[in-house]
Structures are given as structure tokens and as C-alpha cells.
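Some structures to go through are shown next.
Common to both upcoming complexes is chain A, partnered first by chain B, then by chain C.
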Partner chain A sequence: MAGNILVWIVWVVAALACLGSGIAVITFSNPFYSALSLIGNLASLAVLYLLLSAEFVAAAQVLVYAGAVMVMFLFVIAYLGGRADAPWAGGPSWQALGAVAASAALLVEVIVVIGLKSSGRLSHSARVDFFYGRPYEIGRLFLTDHLLAFEITSIVLLIAAVGGVILGSHSRETQ
Partner chain B sequence: MNGPDAVWYLCLAAFLFCTGALGVLIRRSPLIVLLSLEIMLNGSNLALIAFARQHGREDGQIFALAVMAVAASEVVVGLGLIVAMARRRLDLDVDKLRTLRG
Partner chain C sequence: MTDPWWISLIKAFLIINLLLLLFAYMTWVERKVLARMQLRYGPNRVGPFGLLQPIADLIKLIRKESFFPASAVDVLYIAAPVFSSFTALAAFSVIPFGPGWHIWKWNVSGEVANLPIALVVIFALSSLGIYGFIVGGWASDSKYALLGSMRTCAQMVSYEVSLTFAVLGVVLMGQSLSLVDIVQKQASTFWFFGPQFVGLVVFFVAGVAETNRPPFDLPEADTELVAGYHTEYSGMRFGLFQMGEYVNMITLSALAVTLFFGGWYGPWAPLGPLWFLLKLFVILFLFLWLRATLPRLRYDQLMRVGWKVLLPAATINAVVTAALVVAL
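Our next item is the complex of A and B:
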């Protein structure tokens, strides 16, 4: 099937872009380049969300993350002057080796669990219709089944906005 | 239009999560620690949306949107802390901030 192969090609390209830009984020010494590669990471994740027919989440990902959050990040990095820290200066330390070992152990554990479960229900996905993941359904779920989560999310955002203002104004007073 | 199974998406999400965890553990600049946290949250978001697609229900997408809102507020507070640290002429190095250590 030609469509099937095309989906696989798009998946492989998006997954490789995702992994490559994720590794680039943690290896660049300049935080400005790290933030730029995180934008690429978020964009390729939006492609993967589209493949999973989550169109609304993909749009929200591009708007909220790649738009608002990353602009704020780049603004702060430009404000601070983008001072570089060399991640692996002075050879590999025991801390870096321990960090690599810890995250590799985490990865192996998760992959083993996925592999153990992969033969059962994980191997075949449910059949969805054309209207799966449309904004109407997302909004209906948010205002009926998950109303508490919706309200708590709004309170969390309000508290974060107030906290940002307080953190910014407090340091101005003490100078 | 049959794409990859949920297993492939889950493996990719695990790789993303561990990349972000490695960045959080290995980097010293708090800005890059925040960026690596974003990668970890996005890995969990990818797993949530893959499970939502696999079960054919949208509840996982609702969770992913809530995680996005939490990530946005975390970035606001984290960047506010970093700017406050920079204004007090503190070193932007998470290994040197030892005042709160018990």
C-alpha cells in the first residue's frame, strides 16, 4: 500500500528529527542554539501528533509551545546574554558518567517493559472515524467529563502568572 | 492509512524522556535544565497521545493539553527565578546554588 509506506516515511523522518534535535538541545553549549533546536523538536512532535490524528493538540503545540513559550525562552536568553557553559569541559567527570548510566538504565527499563507488553493489546490500535480528535470533541470532554481538570488548569495558570509578576517585582525592589 | 503501532511511538517517547533526563542531570545552566524538562514533558505527552489513539478515545489528548498548561506555568516560574538570580548577580550554575541545601 502506497499510503502506508508514505506514513512510515513521514514517521521515520519526524522521529529522527525529534531525536536529533533533542540530543542537540542537551549538547549545544550556547543556550540560544539549544532553544532553537527545541523549536525543531516541538515542530517534529507536532508532525507526530498529526500522524496520531490529534490535530487540535498539534495546533496547540505549535501555538503554545513553539509560539509563546519559546519566544519567552529566547527573550530571557537574549536578556541574560546567552553565556555559554561547556557541558563536557575537563573530561568526563564521575557525575556525567553517573548521569549517563542512570538515564541509560531508565531507557532500558522502559524499553523492556514496552517489549514485554508489546505482543498483547499494544500491537493493534482501535479503529477511529474521521471525526476523531476534532476540537468539538476536545471541548465537549473538557467541559463535561474533565471539568475539574479544566478548572484546576486555569487556577494553575493564574497562580503561575501571579508568581511570575511577584518574582519579577521583588528583585527590582531589593536592588 | 495504517501508520506505525503504538509500540513505536512509545519507544520514541522513552528515548525523548531519557534524553531530557540526561540533560537535566548533566547540564549546569538552569536555562538548559528547563529546556531539557520541556523535552521530558513532551516525551510523556507523546506517550499519552499514542495511548489515546490506540484506545480510540480523546481523554489522553485532554491530559496532554493539561500537561502543556502545566509546562507553560512551570516555564513562567522557572524563567522568573532565573531572571531574579541574574539580577542578584548570582552565578547561573545549578551546582553553585547551595544556600538552600539542608
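Our next item is the complex of A and C:
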């Protein structure tokens, strides 16, 4: 029982940190702080993954997103210097429309999930056994059930890498 | 097999203090070794053989006034060294240093936490540790600190890729991401430094670069950048950055021992942690030796070595290992 309460406390703290840092990302006027908040957001998300006994996903999340990707964000922001914009000044109107549409879609999704859960139609929960979330199990799923998605993702990443190389070499030629 | 939480707590306490002791005396050993290699005496005034020098340094650092630039961003400026030393210390928690013991009625395992994804955790923590350097340099609001942190960032990101790729071969041969499993596998077959020699070389070179040690110490190149990202730091805040660097070096050496040299196993006599320490010291000595021997690389050389030599070598090594593991 004590363990259960501990899980609840951790969940509440991580969820609040997630929300708080998410709001901080879009309200800070200094992009450096926004990027730092995004790191905090990804880290608290990793804690939520840990609570779902998905240790590998949590560690990979920290390694890839909070670690590798956000370093590039911070690098560019620190290099170019923070350009302070008023965050609520608003961009072009299509941006505002898109934002409203996206958040409306998210809201609908949340309501649908809560509705399904409360009416008991979302009852089958995952079987959490010893192998759940282990790298072995994740690797097996990648190479069996989700092979197509896995391979398509690798092709997309390869295209992105080739694109990066082409962009980089192009700018060098023009100099 | 998992320990009660209080045994883990005691082990964590012991390991952290041992690490800090090791860090303190690494500074002494480094100065001594460098001095002897340069035909000097090194510290020899405080205590016999200068053995109390680290303690004198510590007292000096603690008592020093920690002034900082007026335009520095307070919270980040203070948090950065704390963060980087925390991630450095935390990464050591998954390194196995002994076979585990049976003390009275409890089984005490030879590591603080035995995770099935220990290797990923170490790399995740070390990739978070970079933020301490970047944020510290940025928050100091000084051009040398900013340039230093930019260099740290570029260098560590570049070499992290090679470092991760270099251990892929070991993971394939050990068929696990758990460091305990990898050590056991080496004990039942052979140590991986032979078949994974390319991986070992790439890992070591990338590790030297990742810890910003000479000849890859461009982030704090004192001739150009005063001291790099910690230019504006003084007192114990500087001490924490220094601690992060040395503890990272110790952790990487311990990881090399675990992945390539059979962890706590020795060629004979089951001495456990003593073998581990012995191998650790040999690799740490290599770090010091490099510092005393090689001049600093130029920035373009650094990038060329990272992307055009180490990364292809590590990739080819991983692909060949994968093919061999499947074929044999």
C-alpha cells in the first residue's frame, strides 16, 4: 500500500512538472529558457514512462530526445543569440488557426479516451510480466509485428541524413 | 536477487564516497605523474609525498570567495555545476565492481543497481551531463565561457555518436545491455578486447574526447579560451565542474574495464573488486600518459578524426561483428 501511495505521489509530481514545463516552453520570451523547459518536459515524460514500467523507452527518450536532439536546439540558440519576441504577440493568422485546430483535436481525443475508459470499453490492460519493456521484447516486436513501420522509419531517417549532407555540401560550394 | 532498499542505500553511500576519494587522489596522481614525466617533483610539501595536497586544495576551494559576473543568470549559473557533477556520480551506479556477496542473511550484489538497460542509462546520463557545461557557459554571460561551451557541445555531440557505436559490437557479442550479463558472458567465453579491438580503440579515443581530456581538451584550451566554459567560475563551483570531469573519466574507464576487460574477473585468483580497481588504475594511467605526451589537436583535426575516422571505423566494426555473430 505504501508503494502505491509513492507511485501516486511520483505520478502527480511528474504530471504537474510535465504540464508546467510544457506551458513554460510556450510562455518564456527567451528561446534558451524555452529549450531548457522542453528538456524538463521530456525528462518528466521519461518519469511517466518509468511508472508504466517501460524502462527502455524512458532511457531511450532521455538519451535521444532530451540528450541528443535538445543539445542541437540549445547549441543553435546559444550560438545565434536569444532573440526575445513577445510570446503572445501572435504570428500570422493561419498559425493561430492551426494551433486552435490542433488543440481542439487533442481535446477531443482526451475526452474520447476518458469517455471510453469510464464506460469500461477500454478495459483490456497490457499484461505486465518479467519481459515487459525489456530490450529483448522490444527488439522482438520490432522485427516481427512492427517490421514494416520499423523499416519505413529507418528509410525516413536515412533520407533525412542524406538531405542533411546535401544541404551542408551545397552551402559549402556557394561560399 | 534484488537487495532491500537500505542495502542499496548503503552501497550508494559507499560508492559515492569512494568515487569522491578516487577523484581527490586522481588530481594528486595526475600532478605527480605529469611532474615525473616532465622531470619535476610535483606536489611534495603537504604531508609525506604531498599526499595531503588534495585535502589542502579542497579547503582552499571551499573557503574561497565565490564571486560571479553581475550579468550572470543566477539560477542556471549555480545549477549548472551541480547538475554536471550529479549526472557524473549517478552514472557510476550501474557499473558492476564485484560478483556479489552473501553477508549474513542477505545477498549483496556487486553494483548499486542491476538494470537490464544499464548501458543505455549510462549513455543517457552522460548525454544529460553535457547540459551542465553548455548552460554553465551560457549563463556566465562571458564570451570565453560561451565559446568554450559551444566547443564542448560540438565536440561531445560528435564523439558521443562514435562512443555509442563502438560498444555496439560488445552488446552484440554479449547479447545484452546489462553490464552484469556482459561481464558474465566474458567470464564464460573470453574477454572482448581481443575480438573487439577496433571497438576498444574507438571507445577509448572517443572516451578521451568525451571527457574533454588532453589531447582533446579544446573546450578549455587555456591558450585561447582562458578556461572555456568554467572561466567565470571560482571556489567550490569550479570544484564541482572539475569533479564532474574527473568522475566522468573514472566512469568511462570503469565502463571500458567492464565492457572489454572482463570486469571484476582476473586471469587468476578471485579477488573481485581488487582486479576491477587494478584494471581501472591502468586505464586511468593511460589518460594521464596521453596528457603528458600529446599536444592539443586543432579544431578541424578534431572534427575530422571524429566524423571521418572514428565513426566509419565503429560502424564497420559493428556491421562485421553483427555478421559474424549471426554466422558463427
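Methods note: the second predicted complex is superposed on the first by the 135 of 175 C-alpha atoms of A that agree within 3 Å, B and C clash if a C-alpha of one lies under 4 Å from a C-alpha of the other, contacts with A are read in each partner's own complex, and residues count from 1 in each chain.
Here, a residue touches a chain if its C-beta (ideal position, glycine included) is under 8 Å from a C-beta of that chain, and two chains touch if they have at least 3 such contacts.
Quantities reported herein were computed from a predicted structural model and do not represent experimental measurements.
**Q** May I ask you to decide whether A:Ala59 touches chain B, chain C, both, or neither, giving the answer as first, second, both or neither?
**A** Second partner only, chain C.
**Q** Who does A:Ala102 touch here: chain B (first), chain C (second), both, or neither?
**A** Touch partner of A:Ala102: chain B, not chain C.
**Q** Have a look at where A:Leu45 lands relative to chain B and chain C in the superposition and call it first, second, both or neither.
**A** In the superposed model, A:Leu45 contacts chain B only, not chain C.
**Q** Going by the contact rule set out at the top, does A:Gly67 touch chain B (first), chain C (second), both, or neither?
**A** Second partner only.
**Q** Check the contacts made with chain A and report whether chain B or chain C touches more of its residues.
**A** Counted on chain A, the partner with more touching residues turns out to be B.
**Q** Taking the superposition on A as described, I'd like to know which of chain B and chain C A:Tyr79 touches: first, second, both or neither.
**A** both
**Q** Could you tell me if A:Pro135 is touching chain B, chain C, both of them or neither one (first, second, both, neither)?
**A** second
**Q** Which chain A residues contact chain B in one complex and chain C in the other?
**A** 56, 60, 68, 72, 79
**Q** Given the complex with chain C, which residues does chain A contribute to the contact?
**A** My answer: residues 32, 36, 39, 55-56, 59-60, 62-63, 66-68, 71-72, 74-75, 78-79, 134-135.
**Q** Spell out the part of chain C that touches chain A in their complex, as residue ranges.
**A** 76, 115-117, 120-121, 123-124, 127-128, 130-131, 134-135, 137-138, 146, 149-150, 153-154, 156-157, 160, 177
**Q** Give every residue of chain B touching chain A within the complex, in rising order.
**A** The contact residues of chain B facing chain A are 1-12, 14-23, 25-29, 31-32, 34-36, 38-39, 42, 45-46, 49-50, 52-59, 61-66, 68-77, 79-84, 86-88, 92-93.
**Q** So in the complex, the part of chain A that touches chain B is made up of which residues?
**A** Going by the criterion above, the answer is residues 1, 3-4, 7-8, 11, 15, 18-19, 22-23, 25-26, 31, 34-35, 38, 41-42, 45, 48-49, 51-54, 56-57, 60-61, 64-65, 68-69, 72-73, 76-77, 79-80, 83, 85, 87, 95-96, 98-100, 102-104, 106-107, 110-111, 114, 118, 121-128, 132-133, 137-138, 141-142, 145-146, 149, 153, 156-157, 159-161, 163-164, 167-168, 170-172, 174-175.
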